[in-house]
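The following pair of complexes shares a single chain, subunit A, combined with subunit B in the former and subunit C in the latter.
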Partner chain A sequence: MRMETLVFKRSGLCLGIEIEYIRQVVRDVTVAPVPLTPPGYAGLIYYRGELFDVADLGIIMGKQHAIKSERTLNILLKWKQKGIALAADEILGLRSVEEDGSELEGFTLEGIQIKIITPESVWKMLSELPYGPRQI
Partner chain B sequence: MDLDKYKNIFAQESKKYLEDLGPLLISVEKDRPNRQLWEQIHGKIHSIKGMARALSMENISSLCHLMEDWCKQFQQGACKAGKDDVQSLFEGVDVLAVLVGSWGVDASPEQKKQREGLMARFEKEPSQDCAEVAIEPENISVHSPKGIEHVRVEYSVIEELLGHSQEIILLEKSLPSLSENQLSSGLKSWIDHCNSMLKGLYLRLAMLRLAPVGDFAKLFDKTIRDLARKHGKEAKMVVAGGELLVDIALMNRLKEPFMHLMRNFIAHGIEEPEERSKAGKNKEGKILLEAERRDNKLLLKIEDDGRGIDQSAVRRFFKEKKSMKDGEISRLSEKELLKAIFLPGFSTAQEATTLAGRGIGMDVVVRAIENLGGSIEVFSAPSKYTRFVMQFPLFLSVIDAFIFTVGPYTLSIPTTRIQAIESVVSAASKEKRASLVGLKNFLCIEQTAHRPSHIIRLKSPDDETVSNSDSAGMRFEVDSIIGNTPLMAMPVGELLAKAKIFAGVGMMENGEISMLLDMEKLQAEMES
Partner chain C sequence: MDYCNGGPEPMGRTSIKNKLILSFLALLLILLSVVGFVNYLSQDFYLAQAISAVMALASGIIFGSMFSESIVKRLQRLSNVASEISNGDLSKEISLDSHDEVRDLEEVFAKMLNDLRVILSEMNQVSTQIQQTNKHLGGLISEVLSKSHEIDEAAAKIARGSEDQTMIVQKTAIIVDKGLERMDEMVKKSARTVSKIAEAQSRSETGEKSARETLKFLDGVLKQLAEYAEPVHTLSREMEKIKTVVNVMDELSQKTDLLSLNASIEATRAGEFGKGFALVANEIRAMSENSRHSTKEIGRIVENVFKNKIAAIESLEKSEESIAKGREIINNIVSTFEDTLSGVRDIFYEVEEVEKLTLEQVNQMKGIQGHFHELSVLARENFVLTQKTTIGTKSQEKDLERIVEEMKSLDRLSEKMLATQKRFRLPVK
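Right, the complex of A and B next:
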């Protein structure tokens, strides 16, 4: 079985996510910053009656130079009734990978190393960040 | 003809008629000679029959036909309906609901047997009071038809409309930049007007996602009636604050916990009619549902007027299941005792010992409510009532809120919480500034980034009335005031709930987000 992934770039990182989870890719949607949240939590997006927690994987995955921008490209995901948005700088394209092969961890596209992520792994990363007073 | 389309219309319409039949049968059960009610019941069954016949759904149309025959007799006064007759009609409605769901086909041999048994029953004459009753024409009232007051809309259609209107609002952002020459002031004002109209439309569309609490309560009318009948009791639900609009999603998720509460009220709380009469109570037990919005919380109180929680059974539970000593148990406050009904083991003890009281599976109710970000408390008085008070953070609802900015954040609080707004200049005395709460520090905002413009003074949480005292409530500086405006409040998600200071996520008319602060939690966090 092959799996279609959307490949995108954030803060120099190249990431791929299965398109099955993608609800929409949106530009020019305001990300509202929220106080007492960690830097990797970029804010909230309201889109078509639903709220999406925005993850800045550039920051979460250790690229400290990531820039928080109010207007950017966001990939909206729906997973287990949760709305997650991935902040992105650029969409690199679609790539089909083997679902059960070695490519599941990551693959190389035109010489660039792509890391595959899932909504579950993003949610886990977001959940493990510190929120609230005295945590930030 | 597009048969599938017609079948869907049939299913939608029939479900509506069947939903209406429940409350009508409950009413007629208490007032069996009421011909007007029978006329309405007859009309609804007749409508289902007509549609089913057009679609050749024989099982549905013939069952409706037989039920209609009975209703006609009761409507014309040729025969008085007995209690069992009404029960048969209730069963008929249940069978019809299943048949409508399976497009008129018996889904199983058991279902077929049930339908045929019921049809055989309707083929006979009604069971009681079939003596000739003279029809008094003057008693037959003729009503002019009411205009259409409500329409039924699929929830998904509302979502689609919201999506479309939001996209139209976002078109503003793709407006190409025009020079002053190209953009006349007339055109600019026209665009601004269009935008403001669209945003207003969006907010009103969003309000379609709300439904009155009274509609939620109606869902339980038939369940209460059936449960009471099963236990040889009589009970009804009364609603206060039923007009309060609440998010449909919240109500849907409260259905199961409420079913649990109803079962407990009727099985354990409400007494048998004879016992109630002896105690000087109305034979019919009452379940009262009260809905209220307090600040940024939704309060739901539900109580019965039954025998209350048997505290001796709770003490036995602590002794036998929790190995507590008599001395320890006697030191427990009433509140602590009552809270035992929320413990997981409590239901098992109840069932095993068949003790009077309540509590079966109440831990499940607590979990469901906590998963919604809510809390539940129990109160009880022997022979008088058992009351559950539930509090929920704001789910989707529209509230009047005061919106402001602090640093890069747009925040809001319900307008009802505000006592006064002062400009920083007018409140510049040192003492006044000294008493301010350091909101910026708490929210980790750099002091130099933005200059405060106003001071917001809140009412004291203990006293919602306006007080002139400076110390009445919390005071804090804000950078700018956006204004007092209706805000659509949505629940905070799992991640933001961890921040512990938000009551909800507020949507402004322009589609932008403002975080709704829970001032009690904020104050508690700041003081801790």
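Right, the complex of A and C next:
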């Protein structure tokens, strides 16, 4: 079985996520910052009657000095009734990978190392933050 | 009255000759009377003759004795008076009793005595006056001597002063000579300075002219630059419009890209049913991608043009600024040249004035030099004259000393005269 992924770039990291979880890719939506939340948690997006927790994977994955673009893209995900948004600098394209192969963890695209992430792992990373959204 | 030269006899006067004639006639009368009387009595002629002779002889002796007695006595008195006069006694008076020739002698003698008294009195006065004059003269001579000493000292001082003056004048003349030489050099230097200033003035004028020409040229360049800049500014405005359009195109392509991406995602999620849609979405995405690339390329080109335009405008602005600065600098240079020229002209006139004044001063100094030479000559003459004055005062002192000696001898003579006069005793008035 092959798995279709969306490859994007954030703070110099190249990441890939399965298309199945993607609700929509949006640009120029307002991210409302939430007080007393850690830096990796960018805030909330209200999009078409739904709330999305915005995760900045660049900061969460150790790139503290993330480049903040004025026109940041947000990849809206739906996973277990949860809305998660991933901040992205650039969409590199769509890529299909073998679901049971060695590419499940990551693969190389045009000489660039791509890491595959899942909404679950993202949520886990958000939960592990010192003051995660679900711990309140 | 001259009684001694046989002149007519005065009235009421009896001369000795008349007295003798009268006495002889009286004696003869008496003798004749006696002879007549005796002859009458005795009738003897011879007796009468004898008696008459005896009587005549006796009468002659008696009359002769009486007459001589009276003359001798008066002569004796005169002799006594003369003797007293010779002893210095002029107080005696001569009595004038008779009216004969002896009276003439007595009168002459009395007159002589009187004249002698007057002479003595006058001699006394003269001696006293001589002594007083001597004293006065002595005082004056002392004063003259004192003054002469003072003159001598003053002359000596003047001589020393003249000597010093000569030295000073000579030294001053040397200094004036040196000063004159320096002033001559100064005049030459002033002339050279005037020449250099004139040259500097000419160069400043040329510089000012060049600066004004440069300014004019720069004004032309500025105008040309403004003309050149106008199309660039027009292009810039057009480029701004293109940029706006390119931005709109970029926005559209981005939106199209995002839309096609979302469509691709949706098509992928639709699986087998969405494959056709996915193809279309991919195509649209590829188109939008191309459009985006083209837009980006156009944007890049526009940006480059814009950058170049900005660089060109900046360059133009910088050029304008530089030219404006250059213009300001050249304006300042022109102003500086004008100031310099004005200053140079002022300096030229002032240096020219200084040169004229220096020349006048040199002429005056030459006049002073001449005066100093004259002064030197005068000082030398003064020195000689003071030397002569000193000699003259010395000689005058010697003359005065001689005068003093003469005065002393005069004084001695007057004293002697007074002593001689004192020997005479004058009647108390």
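Basically, the second predicted complex is superposed on the first by the 126 of 136 C-alpha atoms of A that agree within 3 Å, B and C clash if a C-alpha of one lies under 4 Å from a C-alpha of the other, contacts with A are read in each partner's own complex, and residues count from 1 in each chain.
As a convention for this text, a residue touches a chain if its C-beta (ideal position, glycine included) is under 8 Å from a C-beta of that chain, and two chains touch if they have at least 3 such contacts.
Quick caveat, the model's predicted, so the values are computed rather than measured.
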item: Overlay on subunit A: subunit C relative to subunit B, clash or fit; value: fit
item: Which of subunit B and subunit C A:P33 touches, first, second, both or neither; value: first
item: First (subunit B), second (subunit C), both or neither touched by A:G49; value: first
item: Comparison of subunit B and subunit C by subunit A residues contacted; value: B
item: Partner chain in contact with A:S121 - subunit B first, subunit C second, else both or neither; value: neither
item: Subunit B versus subunit C as contact partner of A:T108, first or second or both or neither; value: neither
item: First (subunit B), second (subunit C), both or neither touched by A:Y41; value: first
item: Smallest distance from any CA atom of subunit C to any CA atom of subunit B, in Å, after fitting; value: 7
item: Common interface residues of subunit A - those touching subunit B in one complex and subunit C in the other; value: none
item: Residues of subunit A defined as touching subunit C within the complex; value: 4, 6, 19-20, 22, 24-27, 73, 91, 94
item: Subunit B-facing residues of subunit A, complex; value: 28-30, 32-37, 41, 44, 46-49, 51, 53, 82-83, 126-127, 131-133, 136
item: Residues on subunit B engaged by subunit A in the complex (per definition of touch); value: 159, 162-163, 166, 170, 173-174, 206, 209, 406-411, 442-445, 490, 493-496, 498-501, 505, 507, 511-515, 525-526
item: Subunit C residues within the subunit A interface of the complex; value: 254-255, 258, 261-262, 264-265, 268-269
